[in-house]
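Please find the structures below.
Each of the next two complexes has chain A plus one other chain: chain B in the first, chain C in the second.
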Partner chain A sequence: MSKIVKTIAALLFPACLVFGAYVVLHGHLTPGGGFQGGAVMATAAALLLVAGIPLASKHEGRYHALEALGLGLFLFFAFVGLGAASGSFFFNALASHGFFGQAVAPGPNPGNLHTSGTIAWMNLAVGIEVLGGISVILYALREAARGEGDGKAEGDGK
Partner chain B sequence: MIAFLQLHAPALAVALPLAAAILLLALGNHAKRLAGFLFLAGLLSGACFAWATALRVIATGTPVDYVFGAPAGAGPLDNPAGIALRIAFRVDALGALCLLPAALLSCLAGHYSCASERVTTGGAFFRPLFLLLSAGVYGMLSTGDLFNFFVFLEITSLSGAALAAYRVDGGLATEAGFKYAALSSLATMAYLLGAALLIAQYDALNLRVLAQALNSHAPTALDTMAMVCLLSALLLKCGAFPLHQWVPDVYSRAPGGVSAFLLVSSQASLYALFRFAFALFPQFARLNGALLLLAGAFSMFVGVTAALAQHDVKRLISHHAVSQTGYMLLGAGAGLWWTAGAAGEGTLATDALASGLFHMVNYALYNSLLFLAAGAVIAATKRRDLDELGGLGHRMPVTAACFGLGAIAIAGLPPLSGFASKWGLYVTSFRLSPFWAVVAMAVGLMTLASFVKVFHSVFLGPQKEEFASVEEAPKAMTFPLVVLAVLTVLIGLFPGWTFDRLLGPAAAVLTGGAQ
Partner chain C sequence: MKLRTVLSAVAVLLLAAFLAEMAGLVPFGDPPSPAMDEWFLARAQEETGANNVVTSIVFDYRGFDTLGEACVLFTAVLGVALALRKRDRQSEIAPPADEEEA
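Up next is the complex of A and B:
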């Protein structure tokens, strides 16, 4: 890819990540949430891949780790519900007491992130998982495209 | 502590295999021994909790409810609004009946795969996928929620497709896996459309709430569309005629342990097909009953005639899987037909459905036995063509004996389990019309002919020179075979006990008839 594309992609990369993170973190307050935000963040990975920025190759292992981390975190918060007194799997153990205990106000709200109990945390877990998962798929697709013998078109600088 | 575990058993049966899968994913290719241990621990813990739930339901005779995220012990409707708004599991006698063999087979097939897949690469993905598949199957059998079932259907479809393609096999397995993935996503999309049509009308996902809402008035056009979407999706997933083409490809190319457990995931779809047809759409009982009878008869006939021409041992057994599914559909179709009939036909309906369910359990046991034994033969000889195999009974006596028992059971010869359930199906379908019973018996004879051919050409005859150095499969692979063979014999010897304790209550859940 040309220098222009590479430069713009490198500039947009952090912006994509920040916007995706915003959607993930406000998942319990605004439309969107873990999946949508994670998908936005994964477009950042897609940008690097398509533009063929060398940095992209170094990230692959991290996405595998993020995928496992996200899944683990999600299941951890589901299991936390079992630990609460008379709780159940997926029970919102952080709700109605402590720092995360506030419920989200209906209608326009002040945007406090520390509300909704485990839901905010589970959004975060899903966001991490989706970022990892979609990026892993994108890298697998790149490998498949390479396998077809057209490695030059990729131009990923490896 | 025990009360705590018992209370949360339905959720833990799904959650623990998932947790093990995630840990294994994080481990990657490191710590092979720990990975093997985690794999078996995940399978075994999931199976133990599934068994605990199932046995509790069978012993007490009352269904077990589990509502995710609700205070412990709450029912699905226990909230201020009185609506079913959380994900709820509900294991009743029917679910319990299906959970028992599913949990057993997840352990046995997993144990078998540990040994059979030792030489292949990619274990880092094989183990999490297998755990996902078993969690998905438990979920499908436990859930009482229309959308939740879709989620588990997707989990089993995706992990099943990846597992089917696990041994690339010159691209053949990849093709089979892709075919499975494509057709499964077609089925799941149809399912989702059907579910959406119901949600849009009734604002409910809980199966019992939906059943009430659906049957409180004459069916609308949208109900009919939803029914067509849901039932055809499940018919595809269970591998019945006319949507059975994926079955031979996928089962024959997947590794032995995987085919044995993929078959269980197809049975889970069949379970849902029965449940939806009986509980959600009883107003279409005559129509659905006739369609299931026809699909069953065609599956039986098409499956067995295709099997007769096969030379690949696993492909042959896979065609029989289609044919055996037809028997279960026949039983359920007859049951469904009778539920719409006069008052006196209630017990007939229960008996017919119970025979179909009996065949489903027996089939899960003996057909996976056949797949595992065939897998052991292929692993030992590296050959799968019946014309090339022969005389292996000399070198692999345990495998041969177990395969023989499985073959007798699938052919429906007394005193093994296949005879007991097929007998029930012959008797009940004869009451509907002799035509169905004649088809079933003719297919039974062709199955017998086919398996005489297989057993003879694989295990009997003089020992071949090229197989002189073949050894019996390792103990980790023969152990599941022996367990399944013993169960096949035991069920065949005590069909009455199985029928009264497990099948009668399970069928009565759907037909509403007193046992």
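Up next is the complex of A and C:
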């Protein structure tokens, strides 16, 4: 790809990541959540792929790990509910403990980021999983496209 | 054969239990019945601590559904990674180790 495309992609890459992280972290306050925010963050990886910026291919193996880590974290926070007294699987045991553990103001209000307990943590876990999963798919497709046309230039594949 | 009879009986009993349970649900195609909506709207904030009621349903009340979705995504990615894995070491007969990592 041309220098213009590469420059713009490099400029938009951090903005994509930050916006995706915002959607994930505010999943319990605004529309969106882990699935949507993770997809936005994966768009950043797609941007690098399409523009042919070589930085991304170094971290390819780590996306597998990210995906597994996300699913594991989600299950972990589901099991946390079992630890509480009178708790159950998926019980929101962290609603009054920890980083997201402040009490929510009743009624309509602009919202406080530090509320909702396990919901925020699960959003984070799902965001990590979706980011890893979609990136794995993108890189697998890129490798497959590269394998088909062996004579083609390296930066051409998507 | 005896095991099969027992399993069939269990299946029939389960089916009957589910059908009996379904009789107590909200009638099919009855959107004006607002009991469930109001229940969630009134309690979601204090029970889950989330201002976004949709998220509180997806990640708390129906957490199992989201767990299934996450597993579906995981399995789909697994399938894609397996189907499109690198084939540059095709000549080796022994299955490569990275198949299991995926």
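Throughout what follows, the second predicted complex is superposed on the first by the 135 of 158 C-alpha atoms of A that agree within 3 Å, B and C clash if a C-alpha of one lies under 4 Å from a C-alpha of the other, contacts with A are read in each partner's own complex, and residues count from 1 in each chain.
As a convention for this text, a residue touches a chain if its C-beta (ideal position, glycine included) is under 8 Å from a C-beta of that chain, and two chains touch if they have at least 3 such contacts.
Given the structure is predicted, the values throughout are model-derived calculations rather than measurements.
Visitor: After aligning the two structures on chain A, examine chain B and chain C and state clash or fit.
Guide: Partners clash after overlay.
Visitor: If you stack the two complexes on chain A, which partner ends up touching A:Glu67: first (chain B), second (chain C), both, or neither?
Guide: In the superposition, A:Glu67 touches chain B and chain C alike.
Visitor: With both complexes overlaid on chain A, does A:Ala144 touch chain B (first), chain C (second), both or neither?
Guide: Second partner only, chain C.
Visitor: Between chain B and chain C, whom does A:Ile8 touch in the aligned arrangement: first, second, both, or neither?
Guide: In the superposition, A:Ile8 touches no partner, neither chain B nor chain C.
Visitor: Does the superposition put A:Leu17 against chain B (first), chain C (second), both, or neither?
Guide: A:Leu17 sits against neither chain B nor chain C.
Visitor: Now for A:Ser88: first (chain B), second (chain C), both, or neither, which partner does it touch?
Guide: Touch partner of A:Ser88: chain B, not chain C.
Visitor: Going by the touch definition up top, name the partner, chain B or chain C, that contacts more of chain A.
Guide: Looking at chain B versus chain C, the one contacting more residues of chain A is C.
Visitor: Contact-wise, after the overlay, does A:Thr30 reach chain B, chain C, both or neither (first, second, both, neither)?
Guide: second
Visitor: May I ask you to decide whether A:Phe79 touches chain B, chain C, both, or neither, giving the answer as first, second, both or neither?
Guide: A:Phe79 contacts chain B only, not chain C.
Visitor: Name the contact category of A:Ile119: first (chain B only), second (chain C only), both, or neither.
Guide: After superposing on A, A:Ile119 lies in contact with chain C but is clear of chain B.
Visitor: Based on the superposition described at the top, state which of 204-212, 294-302, 366-374 or 402-410 belonging to chain B clashes with chain C.
Guide: It is 204-212.
Visitor: Of the residues on chain A, which ones does chain B touch that chain C also touches?
Guide: 64, 67-68, 71, 75, 78, 89-90, 92
Visitor: Using the touch definition up top, name the residues of chain C that touch chain A in the complex.
Guide: Chain C residues touching chain A: 45-52, 54-56, 58-60, 63-64, 66-67, 69-71, 73-74, 76-77, 80-81, 83-88, 101-102.
Visitor: Considering the complex alone, what residue numbers of chain A touch chain B?
Guide: Per the touch definition, chain A meets chain B at residues 64-65, 67-69, 71-72, 75, 78-79, 81-82, 86-92.
Visitor: For the complex, give me every residue of chain B touching chain A.
Guide: So the residues of chain B touching chain A come out as 8, 11-12, 15, 18-19, 22-23, 25-26, 28, 66-74, 87.
Visitor: Flag every residue of chain A that touches chain C in the complex, lowest number first.
Guide: My answer: residues 27-31, 33, 35, 64, 67-68, 70-71, 74-75, 78, 89-90, 92, 95-96, 103-104, 106-107, 109, 111, 115-120, 122-123, 126, 129-130, 132-134, 136-137, 140-141, 143-144, 147.
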